[in-house]
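Note that chain A is present in both complexes that follow, paired respectively with chain B and with chain C.
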Partner chain A sequence: MDFLNALVAISNYILMPGIAYGSQLALGALGATLIYGILRFSNFAHGDTMAFGTMVTILVTWWMQSAGISLGVLPTALLALPFGILGCMAMVLFTDRYVYRFYRRQKAKPVILVIVSMGVMFILNGVVRFIIGPNDQRFADGERFIISAREFKEMTGLREGLAIKTTQGITVITAVLVVILLFWFLNRTRTGKSMRAYSDNEDLALLSGINPERVVMYTWLIVAALATVAGTLYGLDKTFKPFTYFQLLLPIFAAAIVGGLGNPLGAIAGGYIIAFSEVTITYAWKKVLKYLMPESLEPSSLVQLLSTDYKFAVSFAILLIVLLFKPTGLFSGKTA
Partner chain B sequence: MKKLLMASAAIALATSTAFAGSHATEVKLGILIGFTGPIESLTTPMAGGAELAMKEVSDSGKLLDAATVVSMRADSGCIDNGLATANAERLIADGIHGLIGADCSGVTGAVLQNVAIPNGMVMISPSATSPGLSTMDDNDLFFRTSPSDAREGQVMADILIEKGVKSIALTYTNNDYGKGLADAIKSSFEALGGEVTIYAAHEDGKADYSAEVGALASAGGDILVVAGYLDQGGLGIIQAALDTGAFDTFGLPGGMIGENLPKNVGPDLDGSYGQVAGSGGKGADNFSKMAEAAGFDGTSPYAPESYDAAALFMFAMQAADSTDPAKYGPHIFDVANAPGEKIYPGELAKGLEILAAGGEIDYVGASSVELIGPGESAGTYREIMVKDGKNVTVKFH
Partner chain C sequence: MSDTMKNTGLFALVGGLVLITGFVQSWNAAILIVNMGLISAIMAIGVNLQWGFAGLFNIGIMGFVAIGGLATVLVSMPATPGAWDAGGLGVFGALLLGAATVAGAIQVRIRMAPGRWRTVALLAVLIGGFFIFRAVLDPAVYAVEQINPAATGYLGGLGLPVLVAWPVGGLFAAGVAWLIGRTALGLRADYLAIATLGISEIIIAVLKNEDWLTRGVKNVIGIPRPVPYEIDLQNDPGFVETAAGLGLDPVTASTLYVKFGYGVLFLIVLLIVLWLAQMALKSPWGRMMRAIRDNEVAAEAMGKDVTGRHLQVFILGSAVCGIAGAMMTTLDGQLTPGSYQPLRFTFLVWVMVIVGGSGNNFGSVLGGMLIWFLWVQVEPMALFVVHLITAGMAEGSAVKAHLYESAAHMRLLTMGVVMLLVLRFWPRGLIPEK
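Our next item is the complex of A and B:
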């Protein structure tokens, strides 16, 4: 029984939040890694692209809620998501047409494009705040829990509760679907194959008749869709605030780099690695150990490796370790 | 040189007596609070409260031969020491006779050290609550109509013990206010025999608090005390703790009391309790009615304290028959505390009359002013219980 309690406590405080957060990071990192792989620069505006797409989704969600449209137990935001993706696609195509294309034609070095993307980041930052405001916005509705801690305790008679939020469930299911779709697209379709060819060797791809502008456009469209889905899931599960999306940039890049920049599979793995290390390293293990150890060995301290203040430092530390010992990332992406 | 000094002193004396003697003089009070920054939503009613008292006194014509009290507003930015000291210098240059402010504890300390003490200016802060200000060497120039957080810690510990709570998990927002308050709660609660299982900071403005709540839950405790802000990390912590079933009752200090919290959290918050600075009774009622008539919210935090800060200045000036900070400063304690006739908001004219006749007053004001120790309010607290999605006042401490 104690063993079960320990297991439930771990699931409740580590597994569930870790999986949900990891999925959101993975989707974000996929977008960043695609841009790096195909357009060859680190897109600092990625966090704010997520914020922009989410903002459009929220606005449409509010309109739907006021018009009485809902999905029942599921959040209305899922219905609004396609509109958010369309809005975000329009925005990234606009920035590509009027900002990035100029530098691409100049054959600008990646570091210049990085600085350009920082400019885009600041502008987007301002636009999002201007439209929706700098504060927390709530747009989640529908049933809050698939199973709440209290229900779980009553059902099983255990001392520990396990809560699964609807948004956590939706996050995992959506992430799996999106990843399957993306890999099918990259590996099976003609456009996907031309994108991979362009990523592997630009000159060779051009020689074989691939239209670079088309590849770039498709990349942006996919990235916009990924960013909006990631942003909306994060906002549903937690809360939407422009500044936190800007801050997400660090764990997202950490995830992408740890997995190997430019490698989609690595981005997914990186997302979960970052999420789980953030949660497990700052978790106080006292509760779990109390169930598992004999009474005489029960810990009196919290058994916490790092205080939760250092949560962000964990992504930094992992990033440093990977860059020092395996600079191409765990799944060998492009060398940075 | 000596002669020159004597002469200038004589001239200064002559001018000040001339001022006191002439009719329709002007008394300038500076209001230095954060019209921009993290508490900007609170400062409009605060300035309104202070100016309400000034208007009341000006209209009565009873202060120092019918002096008019003029308010001079300036921005402290709440967290911007450079801005606050620069604006305080400007107010001094403009010839203020007293300084109401500053508002947040950090800038208050900076203004006191860098401007008020070198210039010999008296400051009365309506809202700085950091315990650190109690021990600061202030040349008896600093007073506050708000209580120190150390007092709130005691009140909270008393309430917890009264409710039979034996152990608490404690989390605080990572700044001077949160740390000071949490320290006070921890030491008071432990002194009364309670146990603090964990003492952890949280950052405001994050989207996800599941890691923080994981640690808090692991440490356990009868209830979770959240010394944070209700629109910020405090809300996130409570939400995450409820979602994971880690805690179901919460201790809510002042920063967490507001109608937004029960509204955002929902019915799960029912049964949680806490306290917030504030008094009931005649003073608070009078003040909120007057504020309503003047067009602002008199129940907004620290608005009553601002009214009282302005009133204390004017009473002290009347008692000393001078607008010179060095002269009226020592009278602030006398007018605020017993003995004497009790004076409530709206009765400022009566108080001025008594003082002019050489009598004594005990200013109660809108926030039950009672100055203790180094010149800070003893502090009355409202004990709050969340019932059916509303903050209900249970009793006063």
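Our next item is the complex of A and C:
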């Protein structure tokens, strides 16, 4: 019984949050890694792109809520999501046309593009805060839990409860669908294949008649969709706050780099690695150990390896270890 | 028009903007802008050393600035009575143990042959060391934080004059930069950027959480000053008389006098740093740095120690940022770990360097002053614009209220627009590198 209790506690406090957070990070890292693979720079505005898409989704959600449109038990934000994606697509195409294209034509060094993306980051940050304000926004509605802790306890008779939030379920299902769609697109369609070709070898791709502007446009569209989905899921699961999205930049890049920049599969693995390490290391293990250890050995402290505020330190430490010992990432991305 | 004329004109323009602020708003506001502008200029020189001279992409400036601020607390605050006896030794012992663990792990990695046993030994050293570290640290920290937590609850400092903290801040930042540089400088540009961004976030997390060191989010207030207090000046009959002679009331005169005092101190530091940076730029060392920046492979082929030189300039630039950070905390009179934000302390400094002209020290100074002026003044300007736009709207309309509330966020937008415009049309900045 104690063993089962411990298992449930681990699922409740580590497995479920880890899977949900990992899926959100993976979607974010996929966007960053695609930009790196095709446009060949680290996009520092990625966190704010997520914030922008989410903001549009939230505004549409609010409008729908006021108009009485809802999805019943599911959050209304899912209905608003396509509009958010469209808004975000329009925004990234606009920035590409008026900001990035100029430097692409000039064949500017990647580091210049990184600096340019810092400028875009400032602007998006300002725009998002200007429109929706710098504070927390909650926009989740519908049923809160698939299984609540109390129902689970009544069902199983265990002392520990396992709560599965609706948002966690939605996050996982959506992430799986999005990833399947993305890989189908990259591996099966003509456009997807030309994107991969362009990412592998730009010159050869150009020689075989691939239109680089088209490839870049599709990349931005996909990235906008990924960023908006990732941002909305994160916002549903936690809350929406522009500054938090800016801070997500670090775990997202850590995930992308750990998996190998430019490698989509790696980005997904990296997302889960980072998420699980963060959750495991900042979790207070006392509850679990209490069930597993004999009473005499019960720990007196919380057995929390690091306080939750050090979660950046975790992503960073993993990032540094991977960079020092396997500079191309675990799934070998680009080195150049 | 010659370069000198143009550059003088640009500096005169900034001076003019400050004078307008003085006449339109208040002289206190104007001197405050100048003071923070001087500090920003020093930070910009630090970044320019790394990016402009050597092409190192460091976006962890905030961390070094915060380290400088920490130095101010550790040097100038009085020691908390009893804290050292309660847990000071424990804390330091724990830190030494932590360092010993890392050193031991490195030794294991170097000495033992690669293989499964080395991994096991490495993990044993690291995990065992971590738990011993926590076992020693936690009770000591608890003891320190129990001492009058409302007012102190931390170790305190050495109680030395605050001016000593400025070079110490530079040294602290240099030490941290050495640690980071040893591990992260081999990485290519984007990776170094992410690594430094991460480190700066960690430094802030440490300052926020380690209450025994910095009181965390409870903030350290009342840091000693290098200049007299306003209230003392107002009680000094000689000062009041002089002020009256100039036609000022004593309160305004005292605030102006204090700010002016800070300004003079900052200006002296800026001139020293600027002179050193200029000398470095013109020296063979500076030429070598730029040669490495422009073609690393060729420089390496000529026998230059690229990694070593990078480490050197990374440490120097970070030290300059640390000095600026210590100065800023001194000016604020308090250390507030919660107020450090990357947009304000890292990316804004980058805007200054890019706008001023990377590779040119005078450009950095100009960028620092000009961008700081904009950063402060965009908000009132935006409010003014909002005022004009909403003049025709009904009182109490939601749009009007929202616009007024949001005017504050215009500064981020403006910085982004300024940066993109400069990058597009003056990619080498206002005062380009020669």
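The rule is simple: the second predicted complex is superposed on the first by the 335 of 336 C-alpha atoms of A that agree within 3 Å, B and C clash if a C-alpha of one lies under 4 Å from a C-alpha of the other, contacts with A are read in each partner's own complex, and residues count from 1 in each chain.
Note that contacts are C-beta pairs under 8 Å (C-beta built on N, C-alpha and C of every residue); 3 or more make two chains touch, one makes a residue touch a chain.
Quick caveat: nothing in here was measured; it's all calculated off a predicted structure.
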Superposed partners chain B and chain C on chain A - clash or fit: clash
First (chain B), second (chain C), both or neither touched by A:Phe94: neither
First (chain B), second (chain C), both or neither touched by A:Ser148: first
First, second, both or neither for A:Phe102, with chain B first and chain C second: second
Chain B versus chain C as contact partner of A:Trp184, first or second or both or neither: neither
Partner chain(s) touched by A:Trp63 [first = chain B, second = chain C, both, neither]: neither
Which of chain B and chain C A:Asp309 touches, first, second, both or neither: both
First, second, both or neither for A:Phe41, with chain B first and chain C second: second
First, second, both or neither for A:Leu324, with chain B first and chain C second: second
Chain A positions touched by chain B in one structure and by chain C in the second: 243, 247, 307, 309
Residues of chain C defined as touching chain A within the complex: 55, 57, 130, 138, 183-184, 187, 189-191, 193-195, 197-199, 201-202, 205, 208-209, 341-343, 347, 350-351, 354, 405-406, 409-417, 419-420, 423-424
Contact set on chain B toward chain A in their complex: 174, 198, 200-203, 205-208, 210-215, 217-220, 231, 236, 243-246, 264
Touch list for chain A against partner chain B, complex: 12-14, 17, 21, 136, 138, 145, 148-150, 152-153, 161, 163, 165, 234, 238-241, 243-244, 247, 278-279, 282-288, 302, 304, 307-309, 311
For the chain A and chain C complex, residues of the former touching the latter: 41-42, 99, 102, 110-112, 114-116, 118-127, 129-131, 133-134, 243, 246-247, 249-250, 253-254, 257, 261, 301, 305, 307, 309-310, 312-313, 315-316, 319-320, 323-324, 327
